[in-house]
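Following: one structure in structure tokens, then a few remarks.
Chain nomenclature is as follows: A, B, C and D, assigned in order of appearance, with residue numbering initiated at 1 for each chain independently.
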Amino acid sequence: MAARAEPDHDDLARRFTATRGLSVALVAPLSDADATAQSMPDTSPAKWHLAHTTWFLETFILAAQAGYRHFDPRFGFLFNSYYEAVGARHPRAFRGLLTRPSLAEVLAWRRHVDAALTDAWSRLDRAARALIELGIAHEEQHQELLLTDLLHLFAQNPLAPAYAEPRAVIASAPEPVGEAPATGWRSHACGIATIGHPGTSFGFDCEGPAHQVLLRPFALADTLVTNADWDAFIADGGYRRAALWLADGWAWVQREGIAAPLYWDADGGSFTLAGRRQRHPNAPVAHVSFYEADAFAAWAGARLPTEAEWEVAAVTADPDRGNQLDGAGAVMPLGNAGPGGDSLFGDVWTWTASAFLPYPGFRAAAGAVGEYNGKFMSGQMVLRGASCATPRGHSRASYRNFFYPHQRWQFTGVRLAKDLPC
Amino acid sequence: MAARAEPDHDDLARRFTATRGLSVALVAPLSDADATAQSMPDTSPAKWHLAHTTWFLETFILAAQAGYRHFDPRFGFLFNSYYEAVGARHPRAFRGLLTRPSLAEVLAWRRHVDAALTDAWSRLDRAARALIELGIAHEEQHQELLLTDLLHLFAQNPLAPAYAEPRAVIASAPEPVGEAPATGWRSHACGIATIGHPGTSFGFDCEGPAHQVLLRPFALADTLVTNADWDAFIADGGYRRAALWLADGWAWVQREGIAAPLYWDADGGSFTLAGRRQRHPNAPVAHVSFYEADAFAAWAGARLPTEAEWEVAAVTADPDRGNQLDGAGAVMPLGNAGPGGDSLFGDVWTWTASAFLPYPGFRAAAGAVGEYNGKFMSGQMVLRGASCATPRGHSRASYRNFFYPHQRWQFTGVRLAKDLPC
Amino acid sequence: MAARAEPDHDDLARRFTATRGLSVALVAPLSDADATAQSMPDTSPAKWHLAHTTWFLETFILAAQAGYRHFDPRFGFLFNSYYEAVGARHPRAFRGLLTRPSLAEVLAWRRHVDAALTDAWSRLDRAARALIELGIAHEEQHQELLLTDLLHLFAQNPLAPAYAEPRAVIASAPEPVGEAPATGWRSHACGIATIGHPGTSFGFDCEGPAHQVLLRPFALADTLVTNADWDAFIADGGYRRAALWLADGWAWVQREGIAAPLYWDADGGSFTLAGRRQRHPNAPVAHVSFYEADAFAAWAGARLPTEAEWEVAAVTADPDRGNQLDGAGAVMPLGNAGPGGDSLFGDVWTWTASAFLPYPGFRAAAGAVGEYNGKFMSGQMVLRGASCATPRGHSRASYRNFFYPHQRWQFTGVRLAKDLPC
Amino acid sequence: MAARAEPDHDDLARRFTATRGLSVALVAPLSDADATAQSMPDTSPAKWHLAHTTWFLETFILAAQAGYRHFDPRFGFLFNSYYEAVGARHPRAFRGLLTRPSLAEVLAWRRHVDAALTDAWSRLDRAARALIELGIAHEEQHQELLLTDLLHLFAQNPLAPAYAEPRAVIASAPEPVGEAPATGWRSHACGIATIGHPGTSFGFDCEGPAHQVLLRPFALADTLVTNADWDAFIADGGYRRAALWLADGWAWVQREGIAAPLYWDADGGSFTLAGRRQRHPNAPVAHVSFYEADAFAAWAGARLPTEAEWEVAAVTADPDRGNQLDGAGAVMPLGNAGPGGDSLFGDVWTWTASAFLPYPGFRAAAGAVGEYNGKFMSGQMVLRGASCATPRGHSRASYRNFFYPHQRWQFTGVRLAKDLPC
């Protein structure tokens, strides 16, 4: 593996400050209660996200610094997420019962930790700085979850509260407009390609090792599947035709009574972070499960791309010019009407046909940090790209996101692929 | 039925104001988040109790007043509890997800409703005044639930937060002291007695009609079962001897791994509204289920009293001199060390051997208010007396409280009875 | 308590032989598989009933006889039902997995035990003979369960197999005929009455002690509620009107999608032990839960009788002349068209308004046999009378049957009561 | 795709007769009850396997033959497994309640169908003969399931009944003997290889298309993991060390209290089709889940092979000389003591690191038969090889078996792999 380049020290400080600040900005519209409630076991309270990312820094970096004083030693038990090596932890399904510490106390803890890191900054060794970089990326992941979890929480409230107004930059084009562009197909030749993170800069453990894959010729759609496409799928009996579905997916549809994407209502609206909004036909469909994505692809006579196909297509793209999170306000998928609407990154994550499994030669790191991704390599499917809630700067062509095939509270959508003759 | 005496008008106003004020005082120590969370489907958020009691007044009294303007018409759906006749309602298990309206908004709604009632006071007819009286009693019930639900919520938090300091009057004797009094038995002769509410003043529908019962000679313990008694039961294998238990109770013990009263810890402590406190051996045991109460009685060679026996014993007692709720602060059972510790009322509710069934001649009132108690007459057991969380003034000898036999998050305890020779 | 009369020795032998023989006759139409399957945790396989009743005799009588050789010592674990004092036992929900021992082996075990008891007969002491009498009554209970459990099993089979042809005596009048008799009301005066088993002959523990009760004037319907009555209830929205239902019952209706009695189909038929049959409007409705019975009574402007009321009405009746089980063949409720159709006993059990609780002065017997009924005195409702599947000779006015309020796979029906002016 | 060679007509007839006969021979030791019971939703009754394989032939072949008379038209609903296109079907979890039709009736149905196929044999067209070949392979799959399902059923019975004596050929060496052979590693070079079924003879749909894969150098163990190996894993805390487990696997271990392979007891025994037997240390471990296999590999410092690696290693092997099913009697894994104990086929299936996903270019066939495998390509892991219960002749290097990662009632075991330097 090539030597890992060290991040520029000042740049790291700037990114650290910006990331920590954005988390706080994201909760500005929230009451203490908003930040405390948990709407299902899959989600976490906003306060918990603020606290857990802080716990990560305190546990893996500050605790090793001489003289560091823990803000409250009891918080370790409360805000560990899943690191078995770090000890017992509060059960995930009951995070919403932690009305104490309050949001204000958690924010004070954040300031305590940030100040301690600022004090220690010049003394951090290379390993600690690598953990800072991991901590930033970790917090960016939780920023996205914070927003998707809030969306789920507010969607349960009959008052349909809006989290915020749409972001300024979005507000000028509050909805997709104009004609839906015709879907084109971008062809890719067969052959051996290299995918995976090369290890020369920061990447999550599961993104590597870089390795060769053998691809057959394929084409990738140059647009995301839209709400109008999905309406056509529904109108054609998509949710009632067993032949389109994987067996597990069909069982899920029957058991849960699924008949539309999450947050859709019967009156043409959808619940968003800006409250209930009329669905725009040209906007990318969001909040569909892998099962739905796969059934849609079968109905459309196409298929989902593999993660290798997607990565090969994305490797030369700019990952930072799409519709992603870069400040406070309500984000939502915009598609071609939004900034960088033709990017492979942004708007919604793309479900792939690939199970989340270790790459050849993958080894989990030793110790608690080694629990990062490897232990989740079972039962989940890979998503590629980024969504409107993914912080700008967080994305890479090699990035592997993953969720269980029935989950759909993330901004998850579909980009079709198809085989080409060899 | 004898004519129902109308409450004194000024007295009613005074009681209304005091009751509405006490509810607000009870939530003074709470954050918005504390008031929003729901720790299990059996409990409700504090904010919900504040709102639901207000909804009751608005729906059953104010809505009928000309010109009344609803504070927010959407609140009806959110804060109806179980009145089928009033329409659809928000599912009980998801009350903790209602982070909006905020606690502050609910308090504003309360002020709106209280002001409207004050305005309308002189115009209220006899039926409306009867509903005010019912509304007061209803709110008193919810004050008790508010406290027991909070106790349950805070007990789930590893930080073990205290709701409040013990009340001043209690603080001077923060724990039971001195020797446990020897348990004596008060004998009651056999014969025909009349129980049930006579209907000449306010009572809940299920308390009547007054009717004759035939009693056999019995004796009722003059003390409540204490923590020390319960320690002896545990030490004697009480939770491991199937022969002591009802079959449903034994299945519950096995399934839930029950081995002590709720809130007891292994170090001699118990979680209370004033935080974790050492258990005092002479204090009444609390937070036991009917199953546990029945098994304890079997172990002690005694039995639980029937509700008729308890009522006959209590009919001449003063229901207002025991350890009950009469202001802000943390309440807890005190037994003989507390005020009126020898009263049949206060400290803990007494499980009886009686199922909650209609009295002979009971008829539910017509309309929505008729859903008050009758429809719960299935599967639940009667408790008698009052607890430390029951507002003073709320109690009567004929009062019938009821819970499912496995429930124990209320202040529920045991007073033994036994047969006497005829 | 009055001295218990000892049963006549020859009569006991005759009854023992007849009861043991009837059980075997009841399974004659069954295959090994029919006798092995278990359709829900509430029911047991026919083979299990044959075995458990045999286990009872072996464990409580033969095991104490010098020189008795157990047929297979492993059967104790398999066929204990719920006697905690006798040790561990096979879990109830998995009885249907016991394909071994086979039906033939169980029948061989029965012959072994019957022969051993015949050998020992002249040496049985008074206590053993009392246990024989209990064993007979116990087996009669299981004969009824065997039939109702089979009915439930066959009802799950899309082939709708018939257990047997209707019994000869019934076959001559295979269905109720003629006009439905007008319902009359039989009045009963108020006053003190004695109910409960006097203890001078055999009765189950829970039937005593005899004791006085105070009754108000009431009337009891002289007919059972019929299928036609129930059709009218359904047509009037009975299953859709929350106001008619207890809260637990309404939750059950909603959760389970209940809209008719068990075994009813949409085409006017009902599944019976003789296969699917057209429902006769005059036949008593069967297979309704307590919740349904209570809702029906509310709809009809009446109520269910208390168990004391029913017993007072039945105390002078002949318990042996109704439509009950007295031989092989398919039984079913016949009402006025059947033998003794006007009896308070037979056709269907009558749900009462009484919870199954101990009578005043009730004490469970010591030891394993003491687990007979006392430990079930929680959460269940009393039924009175007898059904078409209750062996003739098993019934008494003091007999207390009991089931949970949602259960309805027994032959359970409704006889209305109402208050009279005092 | 190369043209599919047609099977020799006489050979097809011979194989058809042998396969149909073996199924009947396998149930010879069973009672009607044994053949009817279902021990969990994952398993099916033996009778159901006999019936479903017959339904397959009747539905997909005979129904299209002019003049075919269905044995019982109601059986279609009962014995369809999962073919949505063929219509509604009996719920899987309730197969054990079908005491009718009896085993004898199902066997009569089999004779009816076999006779009809014999009559029609000379008239079957090429498509029908291809379905016969599929029907044979389908029935072979169900023969294996029949045995594993029976093993699970009998394992639930405290009487621990033996299905049969070990097969004669096995009985001469009833247990593995001698020294465990040292595990060696067979190296494989990197490069492009072709895997998947070429389509020139019978294979299941999911085995193709044949396609190229890119492999890195690896080594495959030349022995299966043994009981002694597994004992060492347990002794080293394997089931208590979270770091060894996938997160889903660890949750499963905790939730289900898993501490050893299925059917192991604490006294060194294991339940087998020949009843309880002492475990031999050199025999291959069986009845472990994917989660356990993966954790074991992590503990052993190795990994599971991918399915491509396994297939490349197996492609030149004889798939028919290992310990597989070739007649009546109790099969069990024997390892090096059994026939062909060094084969990659036989004894136990090998869990791979590969999710069961479509091969590049896979398309499900149209119509009901197209439901064969494609719709199960979600959430399951691939197993390769064959077990002692797989009929001899059924296996191929390209064969893909698949189960959910927690399932372990099949004969599932572990063969380790490791990376080699490039």
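Some points to look at:
One rule holds in what follows: a contact is a pair of C-beta atoms (placed from the backbone, for glycine too) under 8 Å apart; a residue touches a chain by one contact, two chains touch by 3 or more.
Just so it is clear, the structure is predicted and the values come from calculations on it, not from any experiment.
The minimum number of touch steps separating chain B from chain D is 2.
Residue-number overlap of contact pairs with B-C passes half for only one option from A-B, C-D or A-D: A-D. Centre-to-centre spacing of chain A and chain D amounts to 38 Å, using the average Cα coordinate of each chain. Rounded to whole angstrom units, the spacing between the C-alpha centres of chain A and chain B is 47.
Touching of two or more other chains is recorded for no residue of chain C. Only residues 31-37, 39, 74, 77-78, 90, 94, 96-103, 153, 156-159, 161 of chain D touch chain C when the two sit together in their complex. Residues 82, 84-85, 192, 211-214, 216, 242-243, 245-250, 290-291, 294, 353-355, 357-358, 360-361, 371, 375-379, 405, 419 of chain D touch chain A in their complex.
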